[in-house]
Structure formats: structure tokens, C-alpha cells
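Both of the next two complexes hold subunit A, though its partner changes from subunit B to subunit C.
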Partner chain A sequence: MRLRGYRGSDADLLAGPWLPGELLGLPLADWPPLAAPTTVPPPADPGQELCIAPGLGFVRYTELDWVHRRARVEIGLHGVDGLDVLLKTVVAHGFLTLNLSRIHGWVTPLVDPPIGLLADVGFQREAVLPEATWLDGRPIDREIWGVVRND
Partner chain B sequence: MTEILSLQRLDTDMAIAELKSCGGAARGFLGLDPVTQNDSLLAAELKSLQAQLFSAGETVVGFAPNTDQPRQAYVASTSADPEPLRALLEFLTTYQRCTTFVAMVPDGVENCFADCGFEQVGVLPRHRWQNYDWQDVLVYVGRADSCRS
Partner chain C sequence: MTTTETPRWSSRPYSDADRDAVLALYTEPDFYFRTGDPDTRPEWEILELIDEDTHVLLADGEVVGLYAVESEANNACHYSMQLRLRASAPPAWWQSAFGELLRANTWRREVVRLALRFDEFDYRGLAFARSAGLREEGTLGAVTVHEGRRHGYVSFARIWEPIS
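Right after this comes the complex of A and B.
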């Protein structure tokens, strides 16, 4: 699988029924019908790298820090097929193409993401933050998962 | 009851000047680094974070709201003295109705979060590059009911 740059015709892939900022943004089955879909903006500044997984969704490297060589990753997918391959591509693109040393992201355990796939590509749970986001009318916990490049 | 220290709100220019005057103590303050970042970049970062900074004597404290959870704030202090942080937490609890606080502190830096009732909840490995080496960042969490004086 290859990631490519964002084009104007990819705008439909930038919105969907997933939690904002999620490392594994997969469609939530019980998304409230009146809630607007979560949307990420098209790339507007050099502090982010927005990539497209054709037919699947987007991968956004945000909070890019070239001094500390790290980024926070958000993924928004409209299906789960090929997620394992995509995650390998996300890590490889971050480390080899962007030359980052560390990639991290938010994971919300309550929505039951496939964290085994994250562990398979080297991610580890690094911190658990209580009440860090809002879902179904109440604050819920979030975790920080990260992977560090081993040179 | 402990007397609460008074805080003075800083505008962006004053906040940057105060952070720079703190030198090494301000490195990692809300993720900023006044040693390697210039004024315009610091101003842009503060605006992006929606951060508000305050001074208490020679200490600078500040917070940035968690945009995904309005009752949570990221907090930082340039000093290991717990009193300015306690004053900030009192302000956030009373006027911003925050219930939880998060602090991210470079490893090896003396800090006051444990003294203010914070609990360490994780470590972000190699999160920063400073002094020609990678540096871990410690993650602390505090709750309004246990952090106030």
C-alpha cells in the first residue's frame, strides 16, 4: 500500500463518524444521527502532513516538530480492510520518508479499537489520561500510544 | 486554610518575555522551548494552544485547554515551588470549572506536581531532543478535588 498526497478530489475522505484526533479512527457503529461527522481540514501549513490511502481514508501527521523529530498521527478510515498493512505503511512513511524519530497518537479504549494491530507494528501504550475526551455525554479516558525508531 | 498566591495575567508579548527570562526552567513549558524558538514562533504556538500565562513573582504558570474536553486543562510551571501552581489550579477549578489537569514535564527536571497532588500516569520515551540527547517526558494527572489547597 502506498500513501499519496492530498488532492482536492479527496475531500470526501476527510470526514467520517470517528472520534476527533484518534490514532485509529474507525467508523463508530452507534454514531449519533444528529452529530456532524468529524472532519479534518485540508493541509494549510507546514506543521502537518496529510496523506491519502486511496479508497480507504486519510493519514494525518500533525503537530510535526522538526527539532524533536516527532509527530502525532491521526487516521480516519471508512472501512477496516487492510488496516494492518496501512499501519505498517504509516510507520514506515513517518520514519523513512519524513525521517521522524517518534510517532504517537490518541487511542480511546472505550470504542474498542484493534490495539493488537498497533502493537504488531511497534506501538506501545505510554500513558493513560483520565477524562481526556467526551463521548456519549460524559468524559472518558484516553491513552497515548507511541513508537520510537530504533536506529 | 492556605492563603492563595495572587497571579498576574500576561499578554502574549509579556508572556514570551517572561518565559525567555526563565531560561532553561521554561524548556518544555506547555511543549514550548524559548531557548530554540524565536518570538514569532512562540507567539504562534501560544495562539495555537489557546494558552493563557500568568506570573507569580519570578515564576510563570500557564494552562492550555483540552479542546476535546472543556473540563480538562494542560498546566505548566517554570518553578518547583508549589504555591504558584496551586493558585493556578484554584483559578482553573473556580473560574474555568476544570475537573482534571494534565502536565507533561521533561524527565530530570525538578517539578512541583507531586507536591500539588498530581499522580504520574506515564512516560513518553524520547519525546524531546535537548542538549544533544533524547529526553523522556513524564505525564502527570491531577484532579480538582485532590489538587486544591
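Right after this comes the complex of A and C.
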């Protein structure tokens, strides 16, 4: 798999029923039908790197620090097939194409993400953020997962 | 026409009418026109790479590449050229297009130095430059990162004897 650059025709891929900012944003089955979907803006400046995973969704490297070569990554997917390949591609793109040395993201344990797949590509749990976001009528914890190049 | 035959070349300054054709060029992972990572660049960034000096290059009426010629010094007849053809263009097309661009750019002005440079990982660009009789002037090392490795760029030039 290879990520490709964003085009205006990809706009529909930027909204969906996943948690904002989630490292591995998968569609939540019980998303209320009248709740607004999560959206990210189309890329328009060097402060973010948003790529398209063909047939799956978007991968967004944001909070980019080009000097210290690190970024937070968030992914929004419309399907769940090929997650292992996608995650390998996300790490490889961050390290080899963007030349980053650290990638991190937010993981929300309550939505039962496939953390084994994150671990398989080198991500490690680094911290717990108590009551860091809101879901289903209550504050919930989030975690920071990160991977460092040459780790 | 097979791709080994020399096409009829034409060009025009980039305009919005060429947008889709140019975006299609940048879907090729080695369309290195002002970027080392063409196929991962978003639309806005590609459009920022295309400035008023950029021309689309057409072979038999079809957009097959981009070029730009810029003045490097007002009074020294020193210019630089950036040239890129799509991956399916054979080496003969590069030579043919370059020859026509040389002819066009020296048609009504004196050119003493024409400089081109290609990244070390740009095998097609380097092969063209080395087969075009350009003077290879050296490599500026470690200026970019491509697919996890650092690379330099290689400078080439053609120099004409000044008229005065």
C-alpha cells in the first residue's frame, strides 16, 4: 500500500463516525444518527500532512514539528479491512517519506481499538490522560501511544 | 504512433484548463518536478509548485510534462531549466524536447549558461542529463531525504561562448 496526495474529489473521506483525533479512527457502530460526524479540514498549508489511503480513508499527520521531526497522527477510516498493512504504511510514510523521528496519537480504550495491531508496528502506550474526551454522555480516558524511529 | 517516434512538440503557460492533466502527472511516484515525493503531495501543494514560469509540454497535443526556464542573473545571460516528462516518455523524447527547448530559448536572446539539476535518486533525470552532453559540475550532498535516505542533487550545465 502507498498513501497518495489529497485531491478535492476526496472531500467525502474527511467526515465519519469516529472519535476526533483518534490514532486509529474506526467507525463506531452506535454513533447516533443525528449526531454530527467528525470532520477534519482539507489540507491547505504545511502545518499538516493529509494523505489518502485508497479505498479506506485518510491519514493525517498534524501538529507537525519539522524542526524536531515529530507529529501526531490521526486516521479516519470508512472500513476495517487491511488495518495491519495500513498501519505499517502509516509508520513507514512518517519515518521514510516525511523523515519524522517520532509519531504519536491518541487512543481511546473505551471504544476497544485493536491495540495489538498498533503494538505490532512499534507503537507503545506512553501515558494515560484521565477524562480527556467526552463520549456517550460522560468524560472518558484517553491514552497516548507513540513510536520512535530506530527504537 | 509508437513512443519511440519523435512527437510534434508544443507548449503553453500553465492555466487552470491544464489542472486535471497536471494533477494526473503528479500521480506518478517519480514525476520529480519541484518535489521528490510527487504522488503524496496534496492538490494545494502541487498547485503552489506551478508558478507563472511553468509551461505544460505537449506531445502531439497531449500534456506529457512540465518545464520552466528562469533567469538566474539579469545581466549574465544565465538561466536555469527544470524539465520533467511523464514516466512513459522514452529517453528519445527527453532529448527531442530538450533540443526544441534549447532552440526556443536561444531564438531571441543570448544564453551563456543554462543550468539544470537533478536529485541523486532521480535516475531518469540523471540518465537524460548525462546523455545530453551537459557538463556535470558536481553534487551538493545531503540536501534532501527520500524514502528514508539522504540524497544530494547533481548540477549540470551547458555553457556557450559569450557573444560580447
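By definition in this document, the second predicted complex is superposed on the first by the 150 of 151 C-alpha atoms of A that agree within 3 Å, B and C clash if a C-alpha of one lies under 4 Å from a C-alpha of the other, contacts with A are read in each partner's own complex, and residues count from 1 in each chain.
Here is the rule we go by: contacts are C-beta pairs under 8 Å (C-beta built on N, C-alpha and C of every residue); 3 or more make two chains touch, one makes a residue touch a chain.
For clarity, every value in this text was computed on a predicted model and none was experimentally measured.
Using the contact criterion defined above for the overlaid structures, shared-chain residue A:Gly146 touches subunit B, although it does not reach subunit C. In the superposition on chain A, A:Cys51 makes contact with subunit C only, while subunit B stays out of contact range.
When the shared chain is aligned, subunit C comes close enough to touch A:Gly8, but subunit B does not.
When the two complexes are overlaid on their common chain A, residue A:Thr97 makes contact with subunit C while staying clear of subunit B. Shared-chain residue A:Ala36: touches no atom of subunit B or subunit C.
Residue overlap on subunit A between the subunit B contacts of one complex and the subunit C contacts of the other is empty.
Of all residues in subunit A, those touching subunit C in their complex are 2-8, 42-46, 50-51, 93, 95-97, 99.
The part of subunit B that touches subunit A in the complex is made up of residues 33, 36, 66, 68-69, 71-72, 99-100, 102, 121-129, 134, 139, 141, 143.
Subunit A makes touch with subunit B in their complex at residues 20-21, 67-70, 101-102, 104, 125-134, 139, 144, 146, 148. By the touch criterion stated above, subunit C contacts subunit A in their complex at residues 23, 26-27, 29, 37-46, 145, 147-148.
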